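So, here's a batch of structures to check.
Each of the two complexes below includes subunit A, the first together with subunit B, the second together with subunit C.
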Partner chain A sequence: MPRIGNSLLRKAHALDPFLPALLAPCRDIHAAQNELRWLRQHVDRVAKARRARGDTLAKGSLLRQLVSERASGKPLQYILGTEYFGDLEIRCRSGVLIPRQDTAASVTNLVRLLRDAQKLPPELRLLDLCTGTGCVPLLFRHELYTARDDVDLHILGVDVSPKALKLAHYNMQRAHRSMPRGKMRLIRADVVLNPFADQDGDALPLKVALNHSGLPPFWDILVSNPPYISPSNYWTTTTRSVRGYEPKLALVPPSIASQSDTEQGDLFYPRLLEIARDVEAKIVLLEVADLDQAQRVAQRAHNLSIFDGIEIWRERPDINTQAPAGVDNVSIIGEGNARSVLCWRGAGAAWLGKATASAGRDDALRLFRSYGHLPHGDASQAGTSPMEPQFDWPTTPPSEQDLPMAFHNARIARRSRDRFRERLSRRGTGLWTDHPYPEDYYFIRTSFGLQKRRRKP
Partner chain B sequence: MSILPRLRLLPSHASTPFNILRAFTTTPPLPAKSLPPRPTLHDADLIEKFLHGSGPGGQKINKTSSAVQLKHIPTGIVVKYQDTRSRTVNRKMARKILQEKIEEMELGEGARTRIKQREVSGKKRSAEKKRRRKYRKLGEVEGEREREEGIEYGGGELDGINEVEGAKEVESVGDGAKKEGEK
Partner chain C sequence: MISAPWVCCNCLSRTGKTLFRRSLRYQSTATSGNVPKALLTRARDIAIEHKVLSEKLANGFDTRAAKKLGEYSPIVNALGKWDKASESVTELTSLIHDSTTDSELRSLAADDLEETRAQLAAASQSLITSLVPVHPFAHLPCLLEIRPGAGGSEAAIFAGDLFRMYLAFCNGNGFRTGILKYENINGTSEAGVPLSEAIIEVESDDAYGVFRCEAGVHRVQRVPATETKGRTHTSAASVHVLPSLQDNSSVQEDFDNPESDYYIDQKEVKVEVMRASGAGGQHVNKTESAVRLTHTPTNTVVAMQDSRSQHKNKEAAWALLRSRIAQSRREKREEEMANMRRSVIGVAKMGRGDKVRTYNWGQQRVTDHRSGITVHGLDDVMEGGQTLSKVMDSVRGWLMERDVEALIAEEAEKK
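This part shows the complex of A and B:
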């Protein structure tokens, strides 16, 4: 960072003795003046609140302290305790990532498309993974509710960090008080944990956590701004204030043996896409770091073969420039750095006002087939544990006519297998119970119609 | 980078005593009701930029500036607004100021801003200042006020230089575009 020149410092000092210190984080006088004004307003408010309580406050010394904290790089948002996110004011706290304007722009653009939809489900379910302050679903809700009153939003925010959850809870409560509509929930879960892995950590894998909390398994829209910075990019491309003050947990995915730097940066995306498929999300919006990562994510989404359309959005997706669709028909929309990847399938196309949609049956078939494509959904993995029951996984796609049934059964079988593994993994924890699960049934088509059968243990 | 350009901007705003004096001697003050309608802005005529310098963006930087720059293509007027921490409020303010500037350009002394200036005097002028100050805090008033700390809607002092006119930077194209936050 270049040194700030003496003449600039003198100029700043002449305007206000507090200004020179703020030049370091702000770099120019106008920005420093703005920050100083905001800090002063903050100090005034604090003083007013103290007075109301009968306390007094030395405003000058508080201001001096805050200015020096800011001068040493502490983010203004942590000092003031809030950040603006679209129309909303979101509470911030150190230990939880500060919401970014770019994220708000993606969310606003998503809702801009949805608010014109002819028909949205009366109960629209929104799942936000890695929710942090809760800013993403809160802005989504605010934007949708100001445009439509025919939709009831059910929101679920997920994070692994208790600090984030506490803050998100606070933000959600405030939002609900000022607009008491719909439902909001938060759960603690780990979205990268394999549900079949040994669970020695204290956060449950998402699926298990959903089951435990009695939350619905299906969600219409999945959004996520996951940690996406690779270790080497962390050191070379983030600003000092980010590295010095924001939680690394929110920025850099965990390292797993034998993965490359890039793979580590991308770690969340395969998991998120897999969850999107499992919850049968019709719209998926994932934030990314740059165009390269966007393209890798789009490619993965494409390989899943369940989506009708994929787009890459830049920082200003509302600006109407569209690059011609490149590889695999993925168009790049807007201006600025690439910032998110949007995928849709089935009814999601109509909600977004996109032309491409596939018939319900094709959509179901794709969804069904895709279970063969992902690690945990791979039928060949069944039976790796000697205690596991062998379910009859169809290996060839069923005929057109039997599809819905086969699809349904495959889903049930899969659930049942998951639960079984979960029970196994819980044996040692004292949580294990042995009542039969409803998924231990399956259906067959007979000449009398549908018949329910109990699975043999 | 310099702060001089901001001073250069002042003349376009006729708040000098001379103007006011003349206004009072020549034109009877009009009631606010007869103000001309605001000119409508067409999106196609506007180029809006969020100024944050170049860089990777996203999670990699936590910037505090939500500066908005708005250019009106037909007239070449450029307005920049960055006084609040809220990008949405800055956008709205930039639009409002741009409307005023276009009108002043088109109508001269008949513009709403000029008429209003003639209306306000003495005490009223300080009320006008307050009004402007209020805009700045607009949007910072979202949510409840009961919280004690961590929120910044203060009845804050302004540090003189930013007051009223300094709040915005207006310039015509080709007038040496200012760069914000040179790195």
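This part shows the complex of A and C:
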């Protein structure tokens, strides 16, 4: 990092003795002034709260301490404990990724399209994988509810990190208090774990976790901002404050033997697309690092041949500049760096106001066929099966052995969905708080099957 | 044709209860019972039109006629009262001058005359008031923008003094306020630290009507705290007053009407958000939340960075942009009108560049250069107290006189 010039430091010092220290993380004087103002406001609030409790606080020394923490690179959001995400104030805590404005812009744009939909299902299900603070579904909900009152949202946030889940739980409760509508739920699961591999970790594969929690296997919209930075980009492209203070788990996908740097960066996407297919999502929105990754993801989505349309969104997708559709009819929308990939199928097209898609039967058949592309679960027979699909499920399924495992699991889950719905109707609306924190339990695979264990304190 | 919007008595009495404390002076114009002839003619024309409209309305409903009628009736009522009072005065006067009147009756009439004259004066005032077109923004909340002018850091300190003066005034007079922007040059809001820019939103209805007289350059004469040789300096701060269009449903309806002052074509506004150059996304955890809007046809630029929420900054920036554009459109029209009138009468223009008031610490006085008032309770003024109200009242009275003059000029032009 280039050094900050002496004249700038002197100028900053003349304005306020605290400013020079803040120039290191902020780089320019205006940004440093803003941060100093916010830090001061924070200190004032803290002091006021303490006074109300009868305590006193040396404001000067607290400010000095916070400024020096900030100067050493600690993100302001961790110091102040919050970040603004669209219209929402989201709680932040170290150990959980800070929500990014770019993510908010994509979510806002998605809801902007949905708000104008002629018809949305009265119960809309939103699945957010890698939820972190829970910011994505919370903004989605906020934006949709301020525009429409004919939809009831059911939200499920999934993360592998107990810290993230705890924070997301807090954020969801707060949001639910201020707008008690719909349902929100969180579960702990690992979205990259192969559901059929033996696992010894304590997080379950998503599908299994859904099943165990009695959650529905089908979701209308899938969103995800997964870890997407490759190891080499981690060192060259992220800022020091990100590397020094934000969890690597949230940024860089795990490494698997014999995969390239790029493949590691892309690790989540094939799994996320498979999940999208399994849950029969009508709309999928995945955040990406840059245009190259966006194009790779779009290509993969295309290869799955279940989607009616794919778009790449830039950082400001609301700005109406549209590059001519390139390969495979994928248009690139907006201004700035490429930031997300949007896919839709079936009814999703109408929800987004896109040209109409294929008929329901074709969609179901297509979905069924696509299992032939699955990397795991031998589906060669199922993919070419001449069966007539009905609804979204074959009437006479092939014998158990012939079915791809994914189908098998989905069917089990489907049964539990009915149970789940019944439970819902008994429980009425509200936040599902009768489940303990997900990290209180873990599952192990034993010779008797999966067993739920309570964690020892 | 009468094209100006008309004041409704009720609104006006809400706008400034003390608007008309001082009586109006019209030395050079012909008056009839204190009402300038030209205005009386205007009132009578309106009364005739009012009658026509009433008849029209009796034959079937017509929204436009009904609206016009609503605007005219305060004038017609005021005219009715004025006619009555004026008649009584004439009657009593002739009674007194009639030699056949017996002395007892005459002394009774003389007693009555005094009271009736007072009634006539009051009726004249309300007739004039009802005729003066109300400012189209008067009913709106407003924004007060305060910036230091010439005079270095002393000007910036004085800008901070004005900021606190207006806040205190609002507090003391039941105006709700919000701070849209506050920038000390070091990011605090402590007293004595030079202010670089502040915007107060006065959220109460009718605030624009009350504060519009504050627009202009405010001059300070004092020995700055930083001055070691005890010399008096002269510095200045400027105050802009804009209509606030936030949360005003009647105005917001006009946001989409290209004819209205409040209309902005979204396509003509460039929205820029501050973002760190480079990769974005998960790679950076920047805190920049600044938003900048540029209205390309007028090259009006508004930047907001006060809040950590980009969303809030954007909202605030839009509000400010709408206000600025509405104000400049209005000013442009006012200027055109003033130019038209100037041939007839020298209408004092109250532009943003004009020096409007002086605050003199050495003599502990405040002088307003428009109404000519001088008050001595400087401290009370700076604390937003009664003395400030008094100054503001006097300026509103002065403004009203200008409006009446303009009205008379307009009538004269018609002939």
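Here is the rule we go by: the second predicted complex is superposed on the first by the 377 of 457 C-alpha atoms of A that agree within 3 Å, B and C clash if a C-alpha of one lies under 4 Å from a C-alpha of the other, contacts with A are read in each partner's own complex, and residues count from 1 in each chain.
By our rule, contacts are C-beta pairs under 8 Å (C-beta built on N, C-alpha and C of every residue); 3 or more make two chains touch, one makes a residue touch a chain.
A quick note: this is a predicted structure, and the numbers were derived from the prediction, not measured.
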Side-by-side fit of subunit B and subunit C on subunit A, or clash: clash
Partner chain(s) touched by A:Leu76 [first = subunit B, second = subunit C, both, neither]: both
Between subunit B and subunit C, more extensive residue contact with subunit A: B
Partner chain in contact with A:Asn6 - subunit B first, subunit C second, else both or neither: neither
Subunit B versus subunit C as contact partner of A:Gln118, first or second or both or neither: neither
Contacts of A:Ser260 with subunit B and subunit C, given as first, second, both or neither: neither
First (subunit B), second (subunit C), both or neither touched by A:Thr56: neither
Partner chain(s) touched by A:Arg45 [first = subunit B, second = subunit C, both, neither]: first
First, second, both or neither for A:Gly86, with subunit B first and subunit C second: both
Which of subunit B and subunit C A:Asp102 touches, first, second, both or neither: both
Overlap of the subunit B and subunit C footprints on subunit A, listed as residue numbers: 15-16, 26, 30-31, 33-38, 40, 75-77, 80, 83-84, 86-87, 89, 97-98, 100-103, 225, 227-229, 233, 237-239, 241-242, 246, 250-251, 287-290, 315-316, 336-337, 339
Residue ranges of subunit C in contact with subunit A within the complex: 185-188, 273, 275, 278-290, 305-312
Sites on subunit A touched by subunit B in the complex: 1-2, 8, 11, 15-16, 26-31, 33-38, 40-46, 48-50, 53, 75-77, 80-84, 86-89, 91, 97-98, 100-104, 174, 177-178, 225, 227-229, 233, 237-239, 241-242, 246, 250-251, 287-290, 315-316, 336-337, 339
List of subunit A residues in touch with subunit C within their complex: 15-16, 19, 26, 30-31, 33-38, 40, 75-77, 80, 83-84, 86-87, 89, 97-98, 100-103, 225, 227-229, 233, 237-239, 241-242, 246, 250-251, 287-290, 315-316, 336-337, 339
Subunit A-facing residues of subunit B, complex: 1, 3, 6, 50, 52, 56-66, 82-89, 139-140, 142-144, 148-159, 161-162, 180-183
